[in-house]
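Paired with subunit B in one complex and with subunit C in the other, subunit A is shared by the two complexes that follow.
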Partner chain A sequence: MNKLKEIFGGDTRQFGMIFALVFLIVLFQVLTDGLTLDPGNVINIFQGNSYILVMAIGMVLVIIAGHIDLSVGSVAAFAGIVVAIAMRDWGIPWPVGILLGLAIGALVGAWQGFWVAVVGIPAFIVTLAGMLIFRGANQYVGKSNTVPVGEGFQTIGAGYLPEVGPNTGYNNLTVLIGILVCAAIIGGTLRNRRNQAKIGAELEDGMVMWIRLALISVAILAVAMLMASGRPGTSLPISALILGALVLLYGFISTRTIIGRHIYAVGGNRHAAELSGVRSKRVNFLVMMNMSILASLAGMMFVARSNASGPFDGVGWELDAIAAVFIGGAAVTGGVGTVVGAVIGGLVMAVLNNGLQLLGVGADMTQIIKGLVLLTAVAFDVYNKSQGRRSLTGLMMQNFGGRATKETAETVKQES
Partner chain B sequence: MRSLTKLMAVTAVAALAVTGCGRADDTSTSGSGSSASGGSGSGGFAGDSLIGVSLPQKTSENWVLAEQLFKDDLGKAGFKADVQFANGGVGEQQNQIQSMVTKGAKVIVIGAIDGAQLGTQVKAAKDAGATVIAYDRLIKNTDAVDYYVAYDNFKVGVLQGNALLEGMAAKKPSGPYNIELFAGSPDDANAQVFFDGAMSVLKPKIDDGTLKVTSGQTAFNQAVTQGWKAENAQKRMDTLLSASYSSAALDGVLSPNDTLARAIITSVKAAGKPVPVVTGQDSEVESVKSIMAGEQYSTINKDTRNLVAETIKMVQALQKGEKPTVNDDKSYNNGVKVVPANLLVPVIVTKANAKEAYANDPTLSKLTQ
Partner chain C sequence: MAGSAPILEMTGITKTFPGVKALSDVTLTVRRGDVHAICGENGAGKSTLMKVLSGVHPHGSYDGTIRFNGAEVTFNNIRDSEHAGIVIIHQELALIPELSIAENIFLGNEETRRGAIDWVKTNNRARDLLARVGLAEDPETPIKNIGVGKQQLVEIAKALAKDVQLLILDEPTAALNEEDSRHLLDLIRGLQGKGITSIMISHKLNEIEAIADAITIIRDGQTVETLDVREGAVDEDRIIRGMVGRSLESRFPDHTPEIGEVMFEVKGWTVAHPQVPDRLVAKQSDFFVRRGEIVGFAGLMGSGRTELMRSIFGHSYGTWLGGEMTLNGTRVDLRSVPAAIDAGIGYVTEDRKSLGLNLLDDIKTTTVSAKLKKIAHNLVIDRRAEHSAADDYRKQLRTKTPSVDYDVAKLSGGNQQKVVLAKWLFTDPDLLILDEPTRGIDVGAKYEIYGIIQRLASQGKGVIVVSSELPELLGLSDRIYTISEGRITGVLDKGHADQESLMRLMTKTSTTPKDAA
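Here is the complex of A and B:
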């Protein structure tokens, strides 16, 4: 069992979530007579949830830093309507439209970051205000109308990779990307291991590493081949490609860069971090700003998928993103969580949603089941912690506040 | 070097694990996905096929009734029905439609939350060979919608216009009459159609001087009521009354639906003016009461039972490979194509005919005794 845990990264929560995801997929695959892993359905799951997962990436950083962002849905809707109107009325080309959307996200983020980091108002309040402000701004700018967007823009939400090369029965580019990602992961792991060997660090068991790499590769290639074998004209959706790139980028930033480690430090214990020379204001500002940029991107991806920006885009998205982050193993107290975990958490919700829809379970029951899953996942987390050193009440008293002990992903790893 | 062999071994294992799931044969999708106008009326399909029905939020009695009717009657007709509500908004409705496509639904009936935001999904449905029927609300900016079934909304407007004229003539035998115009929300495609229908009756009378819009606000964008919200209509009526009717008498108001009609009446009463002739639509319980009490003049009855029955008839025709009934193939341009429409005739209801009109409705028939 310990070997198994090591293979999946040693983190009990992440280990649990990956198994929950696999379990759900197998369960629904059986219950729906194989429809769950139908290529078209796998493509749908990614295309229909990429925008939520993109926001979950930003949200996990916000939550690690000990904050929360309730405004993401409204910010997404605001960026979406401005971009749609700019493209329709000013005739700007769609790539410029995307840049404009990201710039709006940065501006909005700077506004929220200012109140959180500089003025020191809790993010809960700032973003609650932002939720109202930017929802209103969306309806003011768009006059509560639905504004259609052109075909070029639609690629970021509804587009597919082109068909190139010989007819292999698969979408060649999708397969190629799958192979490249596997190669990159294997190469990266090996280089890491060489570096560790060079500095004489304790090395992971070779067997464990290879089994993990094999499993990851099989999973990635299986998904790639599935998506490549869908209806001609479909492939790995562009939105999933954007998501994948962001996971790699933010996975790297959060674990390998100074600013990334500072986010964990500030969320774990702000005072200790400040005393160690971390500029916590700067970290908080950047985290809030980054969230709004990703929310704008998510909003544009949704508009692209919907072919139009509407007055009710983004309603309730903040809850989906926050749920994904907590299911993915982040702690409400800050300092704990991973980008990959949040995306896996989001995928658990996505597969659950999709499976229940395929089974024809009504919207009412679906909501009840999703709520129970969220509660169970976090209860599991709380139980784990209370086994260690902390009472349930103690945890709850410290919600959204600073924590006495710093607990990063590493310390969890060492425990198990 | 050792690691390189291992690398190759891993890749080989991975590749082995996923072979055998190549792309589905091209022929499986061709033939059924014709996107020509008129839809895929060729082959028909099995009598026990899956029919998907995607409805918007569970917000009004009409939709709840529609859900029940679709479930029961599609089942009775031998189909497998998958009826779902999208309480979570447009994103949820998109995913639901995609799931119905995955499940192989032959016909997908869509009551859109926002008709302009489903292009990608109906295209996927079309590509998979399903026929798409827009129910009650037209799906816009896509060529992948096959049919539209709804009450004739232009006719609704015409009936409202006529009712307004008749109501005022009954109160005051000869004109000129002072009237004001209200329209629905600009983000609802139907709002413009209602207004155009009513203006087709009223415009000639305005031009010849029989009717006088005292405020001068006769254009759609001047008359709109954002979000169909009662408070917006009430505010606009307050403004109109204080600006234009301090001395003049107000004879009639064109209101596109019952909620707005009641808001308008509230505003007029608050200003201490006699209640003018006010039209409506939807047969809401409160408005039927108001009509029986002699305040609101008219409403429109669009029985959900008939609309669902007509939709199921279309599904049955498609199943047999026949062309479903279409009675208007010119009016409903969705921005990309003209969608063939099967329009039902709405019924105007005033105090005079309320009893007959609601005879089949268990709730409303009690109010008209």
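Here is the complex of A and C:
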């Protein structure tokens, strides 16, 4: 169970989402006559959604801590325009531009963190204000114009891994990364298992573990091969690489470090956390600040991909990021959620979006369907829990050797 | 009495949760007009049985039959059981603080006229009901403005508004002081005279002894026995024997104190209420703790005992106005909880669920949560160290759990409290403050927790115990301070203290006219 938790992130809803994701991919693959898993399309899905997923990583931490951030779209747009103008007018090189963008994110985050953590204004209000302030700031700074960015900068949003080594018909680096990721997951799982055995913890069935590892490895290698076999010049997008690195980094921070524990503790029971020596103000401040830094990064990735920064960048992004987090198993009341879950939730939305687009479904219907999916995904699980039954996703999980652990906890929390 | 049929017969009740058999073939027969007590250790299945009875666990989710007023009943939810005349009052009160007494009484059961709330009728009926429970309050007073004791009476008024025939009270006096408890018990007896049958779950055996007509004892999900008080008096020892399956020689483990020099001293500690700056919750408080000493703090609810302790624990309550603190011979100024923990002070909070635990966590996460540094290298948590530390404390404190990966929310109160204690023992405190360490915990677990407290003292640590239960303070403490209205009104040595002398000091009011409104 623990290993399942660590890999998939530990919430029953997430398991449901993995199945939903696989189901959607298969469904659209059939409906679109194979267009969905076309290399170009897979690359496109990652490239076109990485920035949302980057924000979902920040958002899940905000939501675990019991807050919300509505300003991410505006903050992203603000950072994007300042960086674009700085590079155009002051001629600063693009790597410095990226650092500048992250610094702007940190400043904006410190501003919002100050109001949330120090003054104690609910994040909903602070970031609603921030949504207006930074949207306005974007349009004021950019005079509501579109500002193009140079080729170097475009790498982080539209770039690919270079061709290296012998001509194999595949992009070698992409395949190599796929193999390395598989090896890391298998190695990590086995190491964990050894550690668990040493401390005498309950071990999951070895068979189950190997089946799961095999499934994961096949999935990762398949995606890697798909991306590696695309149109010449394309491969694993740099934006997906950034996303992957952030998932690893924040997954580690949230599960293995003191600050990660403190975020869950503050969201789970702030008073108990404070009386256990957690500085909740600092946690809230850092979480809000981190969100704005990631939002700025997402904004820059988007600008890089669309070659220019505009006055309406990032409109509605907050909703996509929040939806991803909740589909990925987070609780509105805080204390529950995982980084991996949020990314999977985001991928569900991305695949859905993409599939509907390929089918030629209009933007109107797409929005309706996305809204309904969000609602049913969460409602289904809540309903099953409220009926005292094991949720369907929990049952699915059982077949994978797990047991529902967080359900009771959540119910208790609602009762008390 | 022999002639009338029982009001309630539950037979062969078996309730299984995934992996656990919570109730196994339980039988409960309640005579009409009785006060029927249900006793058992925490986790014995008392609450589950009441949930089966009140429809929280719907018909079909358990085996066995329930006959109420002679007819078999099948409740699917609380509304069904309330409709039949069975009302349950939970340990944690279910009142809305912002609403008035009258609104709370008729919540979900509103007095309406043509679809709109009839306020005249609502308030009039509320006034009648309040008179019946002996509560002299304006029905339009918001709930948040009356004390816990009175809130409990409002709950009963609410039950009466539903034409209750069988009233179930889960730990009704757990949060009440002696006077309010007495009043409540009188009321329950009064209701008995008006034909209302009561089932009362309580850990306070002296109350059960005083009020119950019959006592059913449950242990490990099974009915052990039903004692009929009318056929002969049943004393506390008899009940305890039934509950734990053995007789406890003494309620407190043997302990010979070895008291050393003063290790902690507070002088002139003064604290204002966080929202009302001119209201002082601690006034010029002086006290000290010696090594190896267990110091009790007695005070009525609202006397400022918890406020004082929390203020000492890193200023975690109120606004500190003055006073100094000496720990192990050095003046210390601990203005935050982390500073207090680092200095070697631990504080076990009074309200386990809302202040002591994150109910989403498992045992190991909770155990290490107050001192993560101890199991982390460069801010990264060593999960092996975490697991083995938690497992050590599980063994030391004999926490009953399948493993330390188990969620704390699933543990019984006594075991939850052991996890909270483990969390504080893990911080290696020099001074441990325990606020109501045994509230809502069964007799067996209490005994074990007393043992843990005494062991700490034997290791030369200072221990402060705050408790509403005077017998507990008298049995455990080497010295007892009394608090009233934020002021320390006296200190008694073990040999010189008894319930009366403590109560006198606890109710001593200041000579100056009301400076604390």
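Quick note on the criterion: the second predicted complex is superposed on the first by the 373 of 416 C-alpha atoms of A that agree within 3 Å, B and C clash if a C-alpha of one lies under 4 Å from a C-alpha of the other, contacts with A are read in each partner's own complex, and residues count from 1 in each chain.
Throughout what follows, contacts are C-beta pairs under 8 Å (C-beta built on N, C-alpha and C of every residue); 3 or more make two chains touch, one makes a residue touch a chain.
Quick caveat, the model's predicted, so the values are computed rather than measured.
Novice: Tell me the contact category for A:Phe134 with respect to subunit B and subunit C: first, second, both or neither.
Specialist: neither
Novice: Is A:Phe285 contacted by the first partner subunit B, the second partner subunit C, both or neither?
Specialist: neither
Novice: Touching A:Ala214, do we find subunit B (first), subunit C (second), both, or neither?
Specialist: A:Ala214 sits against subunit B, while subunit C stays out of touch.
Novice: Which partner chains sit in contact with A:Gly277 here, subunit B, subunit C, both or neither? Use first/second/both/neither.
Specialist: In the superposed model, A:Gly277 contacts subunit C only, not subunit B.
Novice: With both complexes overlaid on chain A, does A:Asn269 touch subunit B (first), subunit C (second), both or neither?
Specialist: So A:Asn269 only meets subunit C here.
Novice: With both complexes superposed on chain A, which partner does A:Phe326 reach: first (subunit B), second (subunit C), both or neither?
Specialist: A:Phe326 sits against neither subunit B nor subunit C.
Novice: Identify the overlap between the subunit B-contacting and the subunit C-contacting residues of subunit A.
Specialist: none
Novice: Residue numbers of subunit A touching subunit B in their complex, please.
Specialist: Per the stated touch rule, the residues are 32, 35, 38-41, 44, 47-48, 143-146, 148, 154, 157-158, 169-171, 179, 182, 186, 190, 210, 213-214, 217-218, 220-222, 225-226, 228-233, 302, 305-308, 310-313, 315-317, 353-354, 357-358, 360, 362-364, 367.
Novice: Using the touch definition up top, name the residues of subunit B that touch subunit A in the complex.
Specialist: 3, 6-7, 10-11, 13-15, 17-19, 21-24, 26, 29, 58, 82, 84-92, 94-96, 98-99, 101-103, 113-114, 116-120, 124, 127-128, 140-142, 185-187, 226-227, 335
Novice: Under the stated contact criterion, what part of subunit C meets subunit A in this complex?
Specialist: Result: residues 18, 61, 92, 313, 316, 336-338, 340-341, 347, 349, 353-362, 365, 369-373, 376, 379-381, 383-384, 387-388, 391, 403, 405, 407, 409-410, 423 of subunit C touch subunit A.
Novice: Which residues, counting only subunit A, touch subunit C once they are in their complex?
Specialist: 1-2, 195, 198-202, 256-259, 261-262, 264-265, 268-269, 271-279, 335-336, 388, 390, 405-406, 408-410, 412-413, 416
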